[in-house]
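We call the chains A, B, C, D, E and F, going by the order they appear; numbering starts again at 1 in every chain.
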Amino acid sequence: MSGFRLALINPNTDAGHTASMAGVIEEVLPADARVSPLEVARGPRSIESALDGTIAAAEVVRTVQDHGAYDAYLIACFSDPGLHAVRELTSAPVVGIGEAAYRAAAMVARRFAVITTLRRGIADLEDAIDAAGLTRRCAGVLALEIPVARQGSEFPQTTERIVELGRVAMSELGAGALVLACGGMADVATVVGETVGIPATNGVAIGALTAYGLWRSGLRTSKRGAYAPPEPIPYDGMPAAAPLVAP
Amino acid sequence: MSGFRLALINPNTDAGHTASMAGVIEEVLPADARVSPLEVARGPRSIESALDGTIAAAEVVRTVQDHGAYDAYLIACFSDPGLHAVRELTSAPVVGIGEAAYRAAAMVARRFAVITTLRRGIADLEDAIDAAGLTRRCAGVLALEIPVARQGSEFPQTTERIVELGRVAMSELGAGALVLACGGMADVATVVGETVGIPATNGVAIGALTAYGLWRSGLRTSKRGAYAPPEPIPYDGMPAAAPLVAP
Amino acid sequence: MSGFRLALINPNTDAGHTASMAGVIEEVLPADARVSPLEVARGPRSIESALDGTIAAAEVVRTVQDHGAYDAYLIACFSDPGLHAVRELTSAPVVGIGEAAYRAAAMVARRFAVITTLRRGIADLEDAIDAAGLTRRCAGVLALEIPVARQGSEFPQTTERIVELGRVAMSELGAGALVLACGGMADVATVVGETVGIPATNGVAIGALTAYGLWRSGLRTSKRGAYAPPEPIPYDGMPAAAPLVAP
Amino acid sequence: MSGFRLALINPNTDAGHTASMAGVIEEVLPADARVSPLEVARGPRSIESALDGTIAAAEVVRTVQDHGAYDAYLIACFSDPGLHAVRELTSAPVVGIGEAAYRAAAMVARRFAVITTLRRGIADLEDAIDAAGLTRRCAGVLALEIPVARQGSEFPQTTERIVELGRVAMSELGAGALVLACGGMADVATVVGETVGIPATNGVAIGALTAYGLWRSGLRTSKRGAYAPPEPIPYDGMPAAAPLVAP
Amino acid sequence: MSGFRLALINPNTDAGHTASMAGVIEEVLPADARVSPLEVARGPRSIESALDGTIAAAEVVRTVQDHGAYDAYLIACFSDPGLHAVRELTSAPVVGIGEAAYRAAAMVARRFAVITTLRRGIADLEDAIDAAGLTRRCAGVLALEIPVARQGSEFPQTTERIVELGRVAMSELGAGALVLACGGMADVATVVGETVGIPATNGVAIGALTAYGLWRSGLRTSKRGAYAPPEPIPYDGMPAAAPLVAP
Amino acid sequence: MSGFRLALINPNTDAGHTASMAGVIEEVLPADARVSPLEVARGPRSIESALDGTIAAAEVVRTVQDHGAYDAYLIACFSDPGLHAVRELTSAPVVGIGEAAYRAAAMVARRFAVITTLRRGIADLEDAIDAAGLTRRCAGVLALEIPVARQGSEFPQTTERIVELGRVAMSELGAGALVLACGGMADVATVVGETVGIPATNGVAIGALTAYGLWRSGLRTSKRGAYAPPEPIPYDGMPAAAPLVAP
């Protein structure tokens, strides 16, 4: 089968972040796969609050509509902004790194803990885990109180703090795995996992591989029920929603 | 206490719909209350799919930011688009007509049924009811297969179909109340309730009264935890999020 | 529309408590509304255990039956004693201050904490929150170990302890709002909220406004399904149940 | 060990029903056990609505208080009226026939169905099953639309209807067992089970044996936490709650 | 009715443990009941991990098949290995000591805590409690970090540690009862309960009495639905499954 | 990175079935991956009842222990027999086709339906879906009443029946995707999906790709908590559990 073409949608406007995530994906997908990194043209430079996520979700939709069809889509922010909407636009598989990471963690440990950036985001993550049906599997959500903008391997103090919370999660909460709940933590997952001694998810990598797996097994986004193409409703002040034509 | 000022946010661009909902509210709020009807400037003329809701949510946020502070906000679409985001922007109470209607129905009946426009929206409504903790209270969600654009008292055949489904809900599903899950159905709630013989929610009326009640009892949106003001993150291509100053 | 007539049912026999709650309600309802404060004629002077609540529930029913019809009923104890039974007796809306307070707190914060009188009551409150579908929204239930009889603004040490637990709830449990789970705490809600820095519910006020909102939006207790009038069963040693005739 | 003394509390005033339930229990308990049948002195002659149950619960408490201590208590109505309150009064085990029957059915089948008297009671039973954590195990609740007063082996048409619904439960709902949700159905459980071909619970028998089992294994109602003795609160117009002294 | 014949299946190969559990049962069952203690012929000498439980479950099935029919079966390990499979083999009641103990604890306290051997087993117990629908009733699961092999009254230091954790459960978690989650802890339940001051389950005793109660009330394992006899499928390398003929 | 080595464990003894599943996997994994098909040496030729699954789970464990270490393991039966136990034996990822298929279906549709072989297995599947946290996502489980032994493309009447039920699931239950809950249905998933018009999972393909994705993203089964290596407990009559040494 010919090569797999994955659209990587970065819901924030940080192009450096987009490039780094694309690099992570290129390393794990088969050789003939191609990643198209796309970031949104407008909106928050990082996503911390529900407001940031609400704005970003609309921009994700717009970005997908502006770029033609791919074999699969990866939405690379842990709150999975715009996920259901993008699925309406396409019959290609669409994966969010949040749902992919939670589900992967639940397959390598009976209990996982989540490490996020700010305390304010804990309730939102807990609700997402609950909506995914994994509340019972989650031993707790811990916050670094270090923002998205200071995540990644270039901030070693952040990594130290992640390791510290990871040890708390393992020893006190009984977590057997860690979900690093920020796309920006992707490049430290391996070192965190090795230092703490339990697996730590790289949401971007597992997200891309999940999208690949769905596509490769022949699964496509359903076009019946909730993910049917958007209704033909007039839009004012902007183009109406239009489903993508498959490649 | 001086008069209550409620911002009515219509998440779609249908100004006729906005005016009709404002009329409903004026009838039920105390005499010295004032309603400011605001509709979004851009986006879908009605909301049927997750994509419509995703776009509308961002426009709701923008609309709230553009219009200064009110005593309370009502988001007048059953999927409550932008609800969490708007709560971050203000310490005034913010209510969605969906959550208000479900909770009201649960106080006048042990089991309620929901009547919506299109079948494609059923899963989304079910998930919203579940997130509200009311799954056990809901006897079922039934779809008219008549779109938002053909709701309201000027479409008598729609009302007939609502009555017909309401009777099914009462007799076969054991529902003791009906939630009419579309802002456009507000002006037929009374006649539907009387014809079927069980209470039917007017989400716009109960939503406005819920906002009034929160405000009048002194409750304000918490500024700690998840609804704290948005983080001071740079935005590209649009103004950054800025919390409203209370009146 | 002519004035709203609310029956305030105090499930305990403490008339001072009844008067104080009526005062709270008069302050928040519109000018032409009237409150009829009724306390039960017999039973516990305050309600701490399930036994107290069981006895009180039967007295609430008897009290409602003895006093004719009102536009709405408020049952002013956090365990909502007799709620379902009273709904069978009338087509007027019937609200319990417990359910009203939990639902209000859930609209101004993503996570709330509950402050109650005695530890022994925690499980009962947790079960009520679960039955209301709000377990996920509740960050915890904390007990003062100070009984109902020592609640209210005339016991400043109780207020200090509420503030202390409120701070624990906010800082350690991540609560964004407080539910003060005793009718007797109603008159300290404002000062607690301001001192702790997050909203604190006054269950009596929000309960009365919820009843008003249901009534004003035209909702009436369903007379189909579980809240149908009681079956015509003979009673021995006391009058049989008889539904109230609407005013 | 000397003989087991069980108090059978019939929450309704129908003495014939009490005697018939006592007969069922005498047949299944060991020879040296004694059953003391007690019915409430006042209240509904049968229990169909929440109102009946609310009144009956208070009478159950009063009856237990008036009759001294036993080795265990059985509350013989499917809605388990007064269960938590009675547990506060005693350190003896207290069992409700509802909880006993649901749990027994869940041990002889993966899915059970419930057959009750009137449709109006379905929601209440569903909520009780949910509170018991058995919602997933319950295939459905079906109503005969024949009241409590016409249950028992002297009404053969009722038995025919139970069998008919039992067959529907087995064939269409996939139920592997039947819970007959009325104390008055106890004497037809065997014939229903044999005719339909799946086990049917006799709640009175299994309830009495559950109480016996708890007692015989040395378990006593906890006197810490929620079931601690009632607080020493003054009661007006009636004697205050007073825990029973163990025999 | 003639005497009750109970098969006690010990899923591990420790014959001393089997004899001690049989002694516990003989003490609590009526005089004319007989216990047949059977341990598996092969497999782990104690069960700590899921692997041990998986092997043991198959041996439990084989043991039941090899020993003819009894009036009821008790599977005497807290993870209830082979429970569903054995129910397929017989129409006699089959009880696991885990499910029996959780349900008994839930009838004598509103919240119970579980004390187990090793931390590694906590998630498995939590999942079993959740599958039983009792998550909300469970205040926590605490581990001794002392293996099954060092349980029982001949290890007084283990008993001291159980008492210590029991006190933590009561004071800090609010537990009103203790579930001692190991068959080997059966003979210390009384002393633990008395020392801590709240009831502690003896799973073997309550399990045997639960089986007796099901049988005595006439309930038999359903032969429709999930517990129907195994399908007539060929087995390779071992005898095919064959349902037992009732005595 | 060098080639991926996947152990395919067929829990039943049907070697033809094993070969056919290996063929499915070879088609979807990257070219340098290798599949080692292993079936259990003893036990049921197909798995329909809990008893079959209990026996098979022990044989899966034994088979894994007898065959040395692989990069990942796939347990190819929808009830995922032995899954937790095998995870204790290895730090390689271990995937069951059941969990993989449910999770994949939940990413391509908001609601999925499950098609299984016999009605008797429905409760077991429902419980597995619930344990996976996906109850709300599942629109229903439908049974063909055609056993495992008559599944696969060589039984065209079975395929016709699957298509027929698939249409019912889509039209009446609102399912947007189908989970074909039997390894033997893997080779008809594509034709079923195309004929019905909604995606149908091939559990074997998506299971293998899920295992590949976990491995490729660097995730390994946690060796802390519930999946730690088995305790060093003596086994009688068979070799004790011994964790595999990673390759």
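Everything below uses one rule, namely that a contact is a pair of C-beta atoms (placed from the backbone, for glycine too) under 8 Å apart; a residue touches a chain by one contact, two chains touch by 3 or more.
Quantities reported herein were computed from a predicted structural model and do not represent experimental measurements.
J.: What is the graph distance from subunit E to subunit F, where chains are linked when they touch?
T.: 1
J.: Which neighbours do subunit C and subunit E have in common?
T.: A, D
J.: Based on CA centres, what chain would you say lies at the far end from subunit D?
T.: A
J.: Measuring between mean CA coordinates, which chain is farthest from subunit E?
T.: The chain farthest from subunit E, judged by C-alpha centres, is B.
J.: If I superpose subunit B onto subunit F using their CA atoms, what angle of rotation comes out, to the nearest 5 degrees?
T.: 120
J.: Per the centroid of Cα atoms for each chain, what is the distance between subunit B and subunit C, given in Å?
T.: Averaging C-alpha atoms per chain gives centres 26 Å apart.
J.: Let me have the rounded angstrom distance from the C-alpha centre of subunit B over to the C-alpha centre of subunit D, please.
T.: Their C-alpha centroids are separated by 43 Å.
J.: Distance-wise, how many Å sit between the C-alpha centres of subunit C and subunit F, to the nearest whole number?
T.: Here the centre of subunit F sits 51 Å away from the centre of subunit C.
J.: Considering subunit B alone, which of its residues make contact with at least two other chains?
T.: 84, 110-111, 119, 122-124, 127, 135-136, 174, 225-226
J.: Sort the chain contact graph into one of these: line, ring, star, complete or other.
T.: Its topology fits none of the listed shapes; call it other.
J.: Going by the touch definition at the top, which pairs of chains touch each other?
T.: In this structure, the chains touch in these pairs: A-B, A-C, A-E, A-F, B-C, B-D, B-F, C-D, C-E, D-E, D-F, E-F.
J.: For subunit D, which residues are in contact with subunit F within the complex?
T.: 110-111, 136, 174
J.: What residues on subunit D touch subunit C, complex-wise?
T.: Touching subunit C: residues 13, 41-55, 57-59, 61, 82, 84-85, 87-89, 118-124, 127, 131, 147, 149, 225-226, 228, 230-231, 233-238, 240-241 of subunit D.
J.: Going by the contact rule set out above, which residues of subunit E touch subunit D in the complex?
T.: 28, 30, 84, 93-95, 99, 103-104, 107-111, 132-137, 170, 174-177, 189-190, 193, 197-199, 201-202, 205-206, 209-210, 212-214, 216-227
J.: Mind listing the subunit A positions that touch subunit C in their complex?
T.: Subunit A residues touching subunit C: 119, 122-124, 126-127, 130, 135.
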